[in-house]
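Listed next: structures, encoded as structure tokens.
Next, two complexes with subunit A in common: one pairs it with subunit B, the other with subunit C.
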Partner chain A sequence: MTGRERVLAAFRREPVDRTPVCNPTSVATVELMDLVDAPFPEANRDPEMMARLAATGYTELGFDTIMPVFTIIQESSALGCKMQWEQKDNWPTVRMREPIWVEPEDVKLPPDFLTHKDTRCVTDAIKILKKQYGDEVAIIGKTMGPWTLGYHCFGVEPFLLMSLDNPGKTKLCLDRMKEATIEYGMAQIEAGADALTLPDHATGDLVSGEYYKEFLLDLHIELVEKLPVPLILHICGRTLDRMDYIAQSGMAAFHYDSKNPPSEAMEVVDNRIALVGNINNPETLFSKGPEEVRQEVYQNLDAKVNLVGPECAIPLQTSIENLKEIPKAVKDWHRDHSTPN
Partner chain B sequence: MASINDITNEFVRNEIQEYLEQPDERESVIETFAKISPRMQEIGAALIDGQHKVVDELTLKAIADDIQALEVMDDGLIAAMRIVGIKFRENFIYVPEVLGCARAMKTGMAHIEPILSASGIKPAGRVVMGTVKGDLHDIGKNLCIMMLRGSGFEVFDLGVDTSPDEFLASVEEHEATVMGMSALLTTTMPNMAVTIETFIDEGVRDDVKIMVGGAPVSQEFADDMGADGYGKDAMECVALAKKLVKEQAEVES
Partner chain C sequence: MSLTTDIGRRIELVSMDAHFHEISIALYRQEGTNGPEYLIHTYSQLDGAGKRVEFVARAMVALGGMEAVAGDTRRVRFPCGNPHQFACRRIFLEACKWDPAVGLESRPLTIFDKKSDGDLSVVSLGDGAYRITGDAEGDKAAKRRSAIGAGLVKLGEMEWAEETEERFSFPCRQAHDKLVGLLLIRALNVRGVEREQQMAAARGQLLAPSAQKQ
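After this line comes the complex of A and B, so read on.
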């Protein structure tokens, strides 16, 4: 199987020759930026550089996917959020202390939403990658879910307080923001994305599992209906208490965090959704060595997790050696367990 | 030993019975609330329920009736925040609900802080707090600051996206004994270690105790980078700050 075939089969929870190594968020590092001369922040705003840096996930690290969207800020920039683009060794971020929206009526997509430099950069990069690597690996795009857009555009604290004070108003905001998720997702699909990551950070570190059900489950079901490629929901942190709901969303996959033990997570989702994850970033990939990375890969494979990869966007100073160990460990595990997964 | 029936406020009694599961913790909270006047219990109940307008009204009225500001803060607000903290730690409530309670506490503290400042009470310690470079998240840090201030600490808030040099300059300027760093992102956590290295390089690491926190941070990560302590939540942050102030005083004596 090619990497692309392997990944798409795993999203359908069909048999694969080996577990795919998947990167639904970002594996960009400073080392890789230097290797292909595509540093941050430019690699987030220039399609050629974005494609060049993204491709290293396949050409240098050996993953089965390429993800050109390294951050979660492209569409927020196009929506008018104040940005902090940072330098090569730091992530660009949205200045959430300076929100742009207060009321549901404020939620409007600007006319240039899809032609803005920072949204178009991604669609152009996907076109480049599709042409160069489209037959070999899965090209994954990324469109922010309405909950995450809410943090960016309303500010985290005001948005969460609104959800407490006025759930109806919050739902109206979410309903309006989902248009950005759909439009940007469709643009990436038209550009050639095989699948889309949909980060929507309703994490257990912030809100309850019941919050996910009340505010997001129906919206996510609707997004699955409207975006005709496999969707990978990404939520960091503790999510075990909402995985049953997530498994009902119709998403192809859930990208989950190392705070959730693989075997318990697999038990909860019970083959209703594929799981992607969950190699720990700060304590393993960033701080430890290949042997510890290998152990975590094996834990996921032993639990029959459908696709293996880092739990979230990795720290920019993570070593290439540790990242290369993920596909290597997957191949070794399968060599030792010769039955197809 | 006090019993639950010694607490006059029904809402507070119900909260303790429903959410406080650890026997020692439950006993200690009952002991505290049994000694608190019905008026202060009423403020506490409103705070736990996130009713900031009620807290505002009751706090103002208490001060107008010559109740000591310190009593309103300790018995009305901080005692109630302890119950909120336990409910949060045990996942009975989450950040939106905590923010609602924090808003109520802030409303009350807005009336109390000017009175306490004017009275010249010596702070429990001086703490510099900030979110590390590249990270713009501050809810957790702000909750910690609120609880620290409520516990008598003088806190210098550097806000978000704080560079190692800004931490260093602030600790030196304010002669802080404790410094707290927060990060929400796994991508920015390494900047905690970079900041600690800056303190080592400048030869001032022993002048200040450094504590860290944030959703992805763990005790193991804190130990690896050489921090003096890790706090899981705002309640632990206060306990840790008290411990570190004491340790630093012992180092300096």
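After this line comes the complex of A and C, so read on.
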């Protein structure tokens, strides 16, 4: 199987020759930026650089996917949020203390939403990557979910307070913001994306499982209907309390955090959705060595997790040898467990 | 075809070199025939990046008392053949900070300490052992010397002598005067060093919007 075939089969929870190594979020590092002369922040705003840097996930690290949307702020920039682009060694962020919207009526997509430099950069990069690597690996795009857009555009605190004080108004805002998710997702599909990551940060630290059900489950079901490629929902943190709901959403996969033990997570989702991710970023990939990375990969494979990869966008200072260890470990594990997965 | 190869375990990284186009420079540990060797490496393809890396290697030799591995301008080791890995990382960081326009010169074993308002010296006692002496007298000055000794022990992965709290030594029982001179300035403020390390570790980690400082 090619990497692309392997990944797409795993999203359908069909048999594969080996577990795919998949990064639904960024695997860019400062050293890879040097290698292909595509440093941040420029690599988030220039399609050639973005494609060059993203391709290293396949050409250097040996993953079965290429994911060029390193940040979580491309569409928020196009929506008019105030940005802090930072430097090579740090992530660009939205200045959420300076929200752009207050009321549902404020939620409007600007006419240049899809032609804005920072959204266009992604669709152009996907076109480049599709042409160069489209037959070999799965090209994964990313469109932010309405809950995350709410944080960016309304501010975290005002948005959360609104959800407590006026759930109806919050739902109206989410419903309007979902248009950005759909439009941007469709643009990436048309550009050649095989699948889309859909981060929607209803994270375990601030939002309960029941909140997910009340505010997001139906919306996510609708997004699955509207976006005709496999969707990978990404939510950071401990999410076991909502995985049952997530498994009902129709999403192809859930990109899950290392705070959730693989075997417990697999039990909850019960083959209703593929799981991907789980390799810890700050403590393992960033701070430890290949042996510890290998152990975590094995834990996921032992639990029959469908696709293996980092839990979230990796720290930019992560070492290349740790990242290369993920596909190496997957191949070794399968060699030692020779029956097909 | 992959451009990256197995060059050992990365043990330290400068993400953005202040002296050469903000390239990333890393320190890799490899096992040589006479003990560990440390490779200074960049993936940057910019013209001059190789020369910059060679300067860092020379600076590690000049500032930290390491030696170049024969026939390799980017690889260094300790003459004693021991790892001293934590100290090596510190030497690397200091070498990257060193302004290339300024001549390379090892730091002295004597330094002025504001807190005790006097000069402090580290005296080599042979067999890799050292002791701190100073102008100032009294309990406060003695405590300060002890604190700086503790800083050196921590930064250099040294050991206190069992019989006295004033004497400490490298486990290899070899003198490393240049390394001690380099660490002395940082031993005055070990918390500052730790803060710097923590900040470097936190940088580059992507946080969920809900976890970001707004």
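Annotations for the structure displayed:
The definition used in the following text is that the second predicted complex is superposed on the first by the 341 of 341 C-alpha atoms of A that agree within 3 Å, B and C clash if a C-alpha of one lies under 4 Å from a C-alpha of the other, contacts with A are read in each partner's own complex, and residues count from 1 in each chain.
As a convention for this text, a residue touches a chain if its C-beta (ideal position, glycine included) is under 8 Å from a C-beta of that chain, and two chains touch if they have at least 3 such contacts.
What you see is a predicted model, and the numbers here were worked out from it, not measured in a lab.
For the composite obtained by superposing both complexes on subunit A, the positions of subunit B and subunit C are in clash. Of the two partner chains, subunit B and subunit C are each touched by A:Asn281.
A count of residues in subunit A touched by subunit B and by subunit C gives the higher number to C.
In the overlay built on the shared chain, the residue A:Met50 is in contact with neither subunit B nor subunit C.
Look at A:Gly155: by the touch rule set out above, it reaches subunit C but stays clear of subunit B. Once the two complexes are overlaid on the shared chain, A:Val27 sits clear of subunit B and of subunit C alike.
When the two structures are aligned on the shared chain, A:Leu164 is found in touch with subunit B, with no touch to subunit C. Residue contacts after overlaying the shared chain place A:Leu316 against subunit B and subunit C alike.
Look at A:Trp91: by the touch rule set out above, it reaches both subunit B and subunit C.
When the two complexes are overlaid on their common chain A, residue A:Val69 makes contact with neither subunit B nor subunit C.
By the touch criterion stated above, A:Leu196 is placed in contact with neither subunit B nor subunit C. Touching of subunit A by both subunit B and subunit C, each in its own complex, is seen for residues 90-91, 93-97, 156-157, 203, 205-206, 236-237, 281-282, 286-287, 312-313, 315-317. On the side of subunit A, the complex with subunit C involves touching residues 26, 30-35, 37, 39, 59-60, 62, 72, 87-91, 93-97, 148, 151-152, 155-157, 201, 203, 205-206, 236-237, 281-282, 286-287, 289-290, 312-313, 315-317, 319-321, 324.
The part of subunit B that touches subunit A in the complex is made up of residues 50, 91, 94-97, 99-100, 103, 133-139, 142, 160-161, 185-190, 215-218, 220-221, 224. The part of subunit C that touches subunit A in the complex is made up of residues 1-4, 6, 9-10, 13, 15-16, 22-24, 26, 42-46, 200-201, 203-206, 208-212, 214. Within the complex, the subunit A residues that touch subunit B are 84, 86, 90-91, 93-97, 156-157, 160-161, 163-165, 203-208, 211, 236-237, 241, 281-283, 286-287, 311-317.
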